[in-house]
């Protein structure tokens, strides 16, 4: 049995980790870390866990935890892990970080977008960006995974094959994303009250959202050159789910002919055809967040608009699963040499 | 492997059966029956099943199905199964009926409340009412289970121990129930459109809802005498979940003293203490439908109102799981001698 | 023009007062009181008011306000108004209090249920309970109105005629109420976050909710004797609306015959037939909260259950309008001798 | 009093017309046309109108109606009005058409996108496109208004000033739109059931939605050249509201300098500064659909993304009001020489 500890277990991503790990045959949770609820029963904070989890919440003493656990998941505020993580801890156990601390390879970019000083930049290089479908082999070998953001996972996976294959001009890429409200976390803020979110939709963080540099970093790798994009998140009155609608100009061939549906299809199938967690939808089908709810799937579809010469790429995932806890478990599975889908063969729930 | 066929697979209860059976290690689905979608891919009707189910929908030829399957689930309109079921079919395979056809032991009561003639009353006696926690041993021996209604399961389980133990006067019992909209089915009706249900709550079927005689039948058994109750369902703007709030007068002892919280608690614990799927909540905790979403749990709590001398009993379940497909699988497990919870150890999903 | 001041203008009830008074031809708002947002633009707190309200928020200096205003609305926490109201203020201007401070005539009952000391019990006697349809003439003459609670208005109006006419036994009365989430206020609490309320329903404050003694007080007046009831509120995932479903035993006549539908109908029509804001629904129609949304209407319907001998009374209103701000304006209209419906002829919004 | 008739009164746009016209002092509704509900009480179809409308529904005999009414509103399926409208009718009364029949000036474009033959192309020229803020003077003089679509109104108004002033390159314009579900109408379709829409978001009609040519037509006028755009609608789990997020490349000046926030602001203020129904939001404020709910306002904001050199334009409106019935009333006011805002000074409802 792998012994797992969670720091930040009472946030939405943390509690979803609990849900998933309870169904994972080779994992035992040994530490429910939650600074706000120390010594309270975890199931008093999450009533769904009543009778399933008897443990009390503990603090965030990561060094102590590193002695007890084989793997630590951190679902903590930005800067926390960077402030406490050491080489010593990484020698004792593996770490999957759900915060952004080790996602951005350029520490200056991190510090600019997050507005905080990075306390352990020396560890960034050894962290692997845990978008499993892109960095699978690296994840298998590392002790420190930077688990990608929810918007990021959906945005990158939707556009990656087209960028990589040079089908589209990445400088024209516009990502319009829509998220359920669990992405905003469990903090008690007026703006996230039921009455403020319900029957409402709005954009936020326009041109300034912190997931932007993360998307740009990975699509730059795919493009082989620096990519700068527009990324606009929207808050949708639903609990779970992210939908990405991305637009970019198709690049014509030497004869001025645009790639066809079949051309694009082939590129996506070559890239994702063997991936269990990526479902490439049939022609004419647009992804819906409800179809992936509760699962680790990403559904991807695309449309060619011949009138404008653009490719419209669409992706849907469950922000708490593939966008957070599910991908973290997928990374853990890879790090420990397990079946990548262990504990993650979740059938989406409908309705 | 148990071969299972589903007639009515494209309704909400039927598709939930698919979800649950896909996760059941000892079952293989061999028949996705759906008269409306014959020869169409099941996953084109339920996009969540894309890549998980490749089968086409078939018709409702139950005799043919009986030759192929070990168990048949019928999630069909009232009267369908009663019209086609025969002794011959029951010799070939087991049947779990999610409709009401064999729930009511008195055929006259059935015909009065459902307004249709019962076409196979001779089979009613051999059917077992599949409220597993109450009829477990009978279910194990039968070939025909009448799977209880969603409101019914929640209402009966909430009040049963108190009625059985004589703590409350059953003639004063009032059951006020609230249901998510999946209970209304997937039929295309104006009244179930998003814009009609959203931001709205209403009672319906007041004093006339068909689950009333089913609740009365079982509580009469518990009481040892005929029980007549008020049952009022309400439609709530959410997908899943039933909450029952039930009220009844506590019966004082010879000295005029009412039962205490501890008295009632003991009765409920004696009754449900060993049940995996019934979670008796801690004192002061009221059930919430979100805490059981996606699972086969029933959460039960109660409050004594000393001012009025009444017991307020509350229960919550997921109407599509414990209220339909989950209980059907639980019954199947019992009928085949499997672990009762096989395929049903689902952790409730939150948020 | 009547000059109106609002203390507590940035709560949901307060901001609805603003919405209603902006549409009232004879009122000008002179004071937007909000301790939390002093010197901020009111429309920066409520974006719907952008361009419609240019004022900044002020404090809660009621004495200063009393010099400026003809009427003060207080939508403030329990105990605030009781702590600052004086005879002197009431000589200068009229007060409509949306808190509970002057609703309960027996100060001991108030102090028991609210758990605070009442600081101005001497003013309780001169306050009129502002349920306009019951106390219209008294409201016209008073300077201090205790505006009823939202649950209370709906519960009392649904049951009042039957209790008053002796059709039902008030000792058997059970009120099961369901409320939208705006009733919980705009405070930043985890339990009212979108993700906690959405896709969920629960009971709360079972047997202990503070609106209970207020309902009992008024139904006791109607019954001519002390009435003790069960009142159970539920939180529903919608913004606005309260639905009450109330149950009570019908009282048979000397021959043991129960009142008929027509008997009950006549009683309700005699009571409410001339009321503009009470809509007595047609036979067989159950109230729906969506049908009154945004309006000052209360929709009332009832069903006789001959099987149990009970009357089921149902009422629906918009908790922020007839349950708070709308009724407050209705009271103001009465106090100033205006048309009672001035500013309140709002057509419910659907969908 | 202006006598108004509505054909298609029982759709969502039609019933909103009823709501608005009931509050309009100079209009009397004389005809509630609804082929599906002939001879039924209008208020039995829309319970919110109980006691407010006593009329029965009538058919769609437009000639007969033209003799009775001063203005006819048609909220009917595409092709209906084009099939029945005549010069003779237009001599007798004014017509505001909420369908698309007379919106597209090029009949070939209409027939291509709508897939039906236009039966009265000779009337297209005399129809005025009723986007009041752009065609106010023409509307005042016409007898036939083609009331714009909901997505269209929001999309055009958001981008118009920037296109008109040459701030952006219209060939780069991408409009990503999100709509509440009332836009899908009241037809009983599975895809619009509560359980299908709730907790879900999806794109639909990608690259093929019929509002596309309407947006292009008007922005082409603004640009002074043919504009082809991407327009992608999304279905959001809420009743009302449209949010548009539009992206386009800013055009640098001769020195390669991009327009600044102030440059863009000035253009929008010059264009909309005097418009009552267009609220240009403060810098840094993004529109939210909840802030315009129930009102005729369009809220517009924008952000300059210096990193990509793009302008991000955002607009929000209530699709049933400014996107349909409200704008229809605004057009009627203009056609009859009334105050343009008569009956439309609606304060948005929150929450």
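The chains carry the letters A, B, C and D, assigned in the order they are written, with residues numbered from 1 in each.
Following the convention adopted for this analysis, a contact is a pair of C-beta atoms (placed from the backbone, for glycine too) under 8 Å apart; a residue touches a chain by one contact, two chains touch by 3 or more.
Here the structure is a predicted model, which means the values were calculated and not measured.
Taking B-C and A-B together, the chain pair joined by more C-beta contacts is B-C. Of all chains, the one whose Cα centroid sits at the greatest distance from that of chain B is D.
Taking each chain's centre as the average of its CA atoms, chain A and chain B sit 37 Å apart.
For the pair chain B and chain D, the distance between mean C-alpha positions equals 46 Å. Among the residues of chain C, those in touch with two or more other chains are 12, 182, 195-196, 198-199, 237-240, 288, 290, 293, 351. Those residues of chain B lying in contact with chain A across their complex are 12, 15, 19, 22-23, 46-52, 182, 199, 239-240, 279, 281, 285, 288, 290-295, 299, 345, 347-351. Against chain B, in their complex, chain D makes its touches with residues 12, 181-182, 186, 188-190, 192-199, 237-239. Across the interface of their complex, chain C is touched by residues 172, 174, 176, 178, 180, 195-196, 198-204, 206-207, 228-230, 232, 234, 236-241, 243, 245, 247, 286-290, 293, 303-305, 307-308, 310, 312, 314, 316, 351 of chain B.
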